[in-house]
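What follows is one structure encoded as C-alpha cells, with my remarks underneath.
In this document, chain identifiers A, B, C, D and E correspond to the written order of the chains, with residue numbering beginning at 1 in each.
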C-alpha cells in the first residue's frame, strides 16, 4: 500500500468529517440523489470521452498504481541487476532460475534470460510490455483528470436543480433552509471528489509514470546486457550513467 | 452507433432527471424562452465564428463521427489489406471486384485498384479525400468546442435577464421564488449543454481525429503497395512498422 | 456584407430580446450610466493599451473585415490569374489595361504589370502593402479581444457601484428590487458585449487573417510570374502547389 | 506625457465616477481601511516576490515609460542618424559636438563618437546600457502584473473580513446595508486597480519593451557605423533593412 | 533573514489585521475547526502528491531559502574566487586552509582544493551537490504551489460545510449571522494562505532557483580553474563572460 496516498486522502476527509462532527450530525451530509448526480455525471462524461474497451483496465491499473507503493528505487534495481549479472557470470543463465526477485517486471526479464531467449526478442517483448503499461497508466491518469474536471460542474448542476425545486415551492418558509442545504451538498461533493480524490491522484499518477519509465527502461537495459554476458561492473556503470543527473545525485547521497 | 457516447450522455442526463423526479415534477424544469437563449445564443456565436459554407457539413460529419462506432481497428485493417494483397497476387487486380470490404474508405481504395488506376493517382486522390475528411472532423470538433464555451455564457446572460425582470416587479413576494427559479434555468441549461454534451463530444472527436488519421494513412499506404504488386507479407510487415509504438503493443496483446 | 457575422450577432441578440419581451418591457433593460461604464471603461483600457496613432485605422480595418464578405476564394483567384497570364501572352502587358478585376489587391497588381514596372519593385510594393494590411488586421483583432476581456470586468465594477449605492440607502425596502435590477444591468451588458460581439469577432478576424495571408501571397506570386511572362499553365500549377494541403483538397472537391 | 495612458485611465475612472455621482455622494465610496487592505496587500506581495534592491528603480522606470511618450519613431531615428553620418563625413567626429539630439540614448552614443572612443568600446557600453534598461523595464512590467493579479484577491479578502464582522453583529438590521456596502468596497477597489490601472499598464509596458529594443538596437548599430566612417547612404540602407517587415511597411506608408 | 519576505508577509497580514481591529475584536476571526480544514486539507493533498521521503527536506530547504537572505551576489563571488586564485598562486593550494569564506558552497569547494582532490572529482562532487540542492529547491517551490492551489478549494469546502449546517438549523434567526460568519472564515483563511503566504513564496523560490543555479555554477567553474592553477585574471575574465548579459550589465553598473 502507498501509505502517502491513503494518509493524505484520509487526513483531508478526516478534518472535513471532524468539522462536520463538531457542528452536528453526519446524517445531514449524506444525500443519495446528490451523490448520484455528481458520481453518475462524472462517470457519464468519462464514458463519452474514453473508449469503452480500455476504460476498465486503465482505471484499474491507474488506481492500483496510485494506492500501491512501488517497492524498488532505481538504486535497488541496479544493485539487483548487478547481482544477477554476477550469478550469470558464475553459473551461466540457468543460475538465475533459483534467483529471487520481487519486482514483477524484473522477474519477467530474469525468466526470459534463464529460458535462453534471444537478446533482440527479450528487448522487443519487454519494451512492448513497458509501452503498454505506461500507456495504460497515462490513460488511467487522464480518466482521474476527466472526473476531477467534471465533478465540480456536476456539483453545480445538482445545486441548480435543487435551487430551482426549492424556489418553485417556497410556501412554507421553514423548509427553505433544509432544502437549500441539500442543494448545496452536490457542490460540496463535487469539490471533495475533485480536490481530495481525483486531482491529487492524477498528479500522483503523472509522477509515477515518470518513475516507472525510468525503472522499467533501466531493467530492460540491464537484462539485455546480462543476456549479452557483459561484466557486472560494466553493467552497473552503464546503468548509473543512464540515470538523469538528479537521480544520480540522490543515489550518491543515499549511498 | 457508438454506444459509449450514447450511454455516457444518457447516463449523465439520467441521474439529473432522476434527481428532478425525486424532487417533484419535470414541468418546472422546462422553459422555452430559456432554451431559446442558450441554444440560440450558442448557434449565433458559431455562425459568427465559422464560415457558413462549411458549417453544415462539418457539423454533420462531426456529429456522425461522435455517435457512430468506427468498426475497424488498425489490426483488422492490416489483416484485410493483407487478404486483398493475396487476392491480387493470385487473381490480379480484377479479383478485387468481388472482394467484400466494410470500411468505406478501404472500399474506395479497393475499387480504384480494381479499376486499374495509376498508383500515383490513387495515392493523390485518397490523400485529398483523407485531408478533406480530417479537416471537416477538426472543424466539427471546434464547433462543439465553441458551443460548449458559449453555452455557460448565454446561461448567465439568460439568468441576468430573468433576475432583472424579477427585481423590477417585486410587489408580490409570492412570485419571487418561481421567477428566480425560471431565471436559474438558463444557467442550468448552459451547464448541461456544455458539460454533458458539447465538451465531452469535443474531446471524443479530438481522439477520433487521431484514430482516423492513423487508419486512413494505413489504408492509403496498403492500397498503394497492393497496386504496386508487393507481396502480402511485405505489406503486412511494413504497415505494422508504421504504427506508433503503443499501437503495436496493443496489437500484440490482442493477438 | 458578411451575412454570417450579421446573422449570428442579430440571432444572439434576438433571442435575448425575445426573452426580455416575453417578460415585460424593454425599458427596464436600458440604463445610460450602465452603458457608459461598460463601453467607456472598455474604450479607456483599449486607449491605454494600444498606440493612439494606429488605433482608429486598425479598428476600422478590423470592423470592415469582420462584416464584409471576402468575395474571392483561392480557386477563383487562381483562375483569374491564369486568365490574366493568357491575356499577357496574347496581347502583352498592355492588354491588362482593359481587363476587369474585382479584388482590389489583385487589381493593384494588375495595374502595376500593365504600367510595366520592374518585377522586383512590384513584389516589394505588394509585399509591403500585404504586411501593412495584415498587421492592421491583427491589431484590429487584438483590439476586439481587449474589449472582450475588459467588458465583463467593467460590468462587475458597475454592478459593485450599484450595489454599494443600494446598500447605503436601504430605508425604503420597495426601492431595493429596482435598484438591484439596475446594478445587475452592467454585468448583463458586459456579458453581452464580450460574448455576442467582441470575442466572436476576434475569432472571426483571426480566421480572416489566415485566409487573407494565403490569398494575397497567392496574388503576389501570380502577378510576379505574369510579369516574368511565364506560361499560364505553369503559373496555374505553381500557384496550386503553393496552397496548403487542405486548401487543395477543398479546391478539388469544389472543382 | 503619453496622453493615451492618461486619457485611457482618466476616461475609465471618469465614467465610474460619473455613475457614482448620478447615484449619490462620493463619500460612500471612500473607505481608508479598505484602501489599506487592497493597496497594502498588493505592495506586500510585490515586496515578497521581487528583490528589494531593484524594486524601486524598476517601479520608477516602468511608471515613467508607461506615462511618458517616446518621442521618436524608428524612422525619425534613422533620419537623425543619417544626418549625423553626414556631419561626420563633412566635419569629422568632432563636428557632432554641436549637433543637437533629443533622444537621450542617441545623445549618449553621439557624445561617445565625438569623444573618439573605440567602436568596440562604444558598442559594448551602449549594449550594456540597453540590456540594463530593458531588464528594468521588463521587471517594472512584471511588478504591475503582480499587483494587478493580487489586487482582486485582496479585494476579496477585505470583503470577507467585512462580511464576517457584519454577520457577527446583526442585532440592528438598519446597519446591515451600510456595513455590507463597506465590505463590497474592497472588491470594487481591487477590480478598479487591476483592470483600470495595473493590467493595462502591464500590457503597455510589454509593447514599449519591444519598441525600445528595436529603437535602441537601431541606435547602437547606427552609432557604430558612424564611428566606422561608413557613408550616410549605406548606413541608412542598412538600418532600414534591419527593421522588421511590418515596421518597414509602416515607414514606407508614412514616407 | 530575507527581510523582504518577512516584511511583505507581515505587511499584508498587518493591513488585514488593522482592518479587523478597526471593526471589532480579533476573537471572531479565530476558529480552530476552520483552520483545521484549510491547513489539514492542504497538507493532505501535498502528502498524496509528493513522495513522503523527500517531503520534509524539500519543505525545509524551500522554507529556509524563502526566508533567508542569500548574502552573496555573483559579483562578490567572482571577487572572492579571484582572491582565492591569488592565494593559490602565491602560497599553493594549502594557503587556502586559512582563507575565510562565508558562502557554504564556496567554502566546501575551497576545502576540496586545499585537500588536494583531483579536479574531475571536485567538479563531479560539487555538481551533484548543486543538482541535489536545486532539485530540493524546485520540489520545495512545487509544494508551496500545491498548497497555494488547494487552500482556496478547502476554504470553499469548509464554507459549504458551514452553510449546510447553518441551513439545517434555521429555527433561531439570531444564530444565522454568527453561523454564516464562521462558515465564511474558511474561505478567508484559504484566500490568505494562498495569496499572502504560499503563492508569493512559490514565486520567490522560482526566482531563487535561477539565482542559485548561476551562483553555484559560477563557484564550480571558478574552483575547478583554481585547482587547475589558472591565473587569477584569466579566471575572473572567464567567470564574467559566463554570466548572462543582463547580469553583466548589472555588475558593470554596480562597479
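By our rule, a residue touches a chain if its C-beta (ideal position, glycine included) is under 8 Å from a C-beta of that chain, and two chains touch if they have at least 3 such contacts.
Keep in mind that this is a model prediction, so the values were computed, not measured.
Asker: Taking touch as defined above, what minimum step count separates chain B and chain D?
Answerer: Minimal hop count between chain B and chain D: 2.
Asker: Distance from the CA centroid of chain A to that of chain D, rounded to the nearest Å?
Answerer: Centres of chain A and chain D (C-alpha means) sit 48 Å apart.
Asker: Quick one: chain A and chain B, Cα centre-to-centre, how many Å?
Answerer: The answer is 29 Å.
Asker: Linking chains that touch, what shape results: line, ring, star, complete or other?
Answerer: ring
Asker: Along chain B, where are the residues that touch chain C in the complex?
Answerer: So the residues of chain B touching chain C come out as 33-34, 36-37, 40-41, 43-52, 127-129, 131-132, 135, 146, 150, 153-154, 156-158, 160-170.
Asker: Can you check the complex and tell me which residues of chain D touch chain C?
Answerer: 3-5, 7-16, 18-20, 22-24, 28-29, 174, 176-178, 180-181, 184-185, 187-188, 191-192, 194-196, 200-201, 203-204, 207, 245-246, 248-250, 252-253
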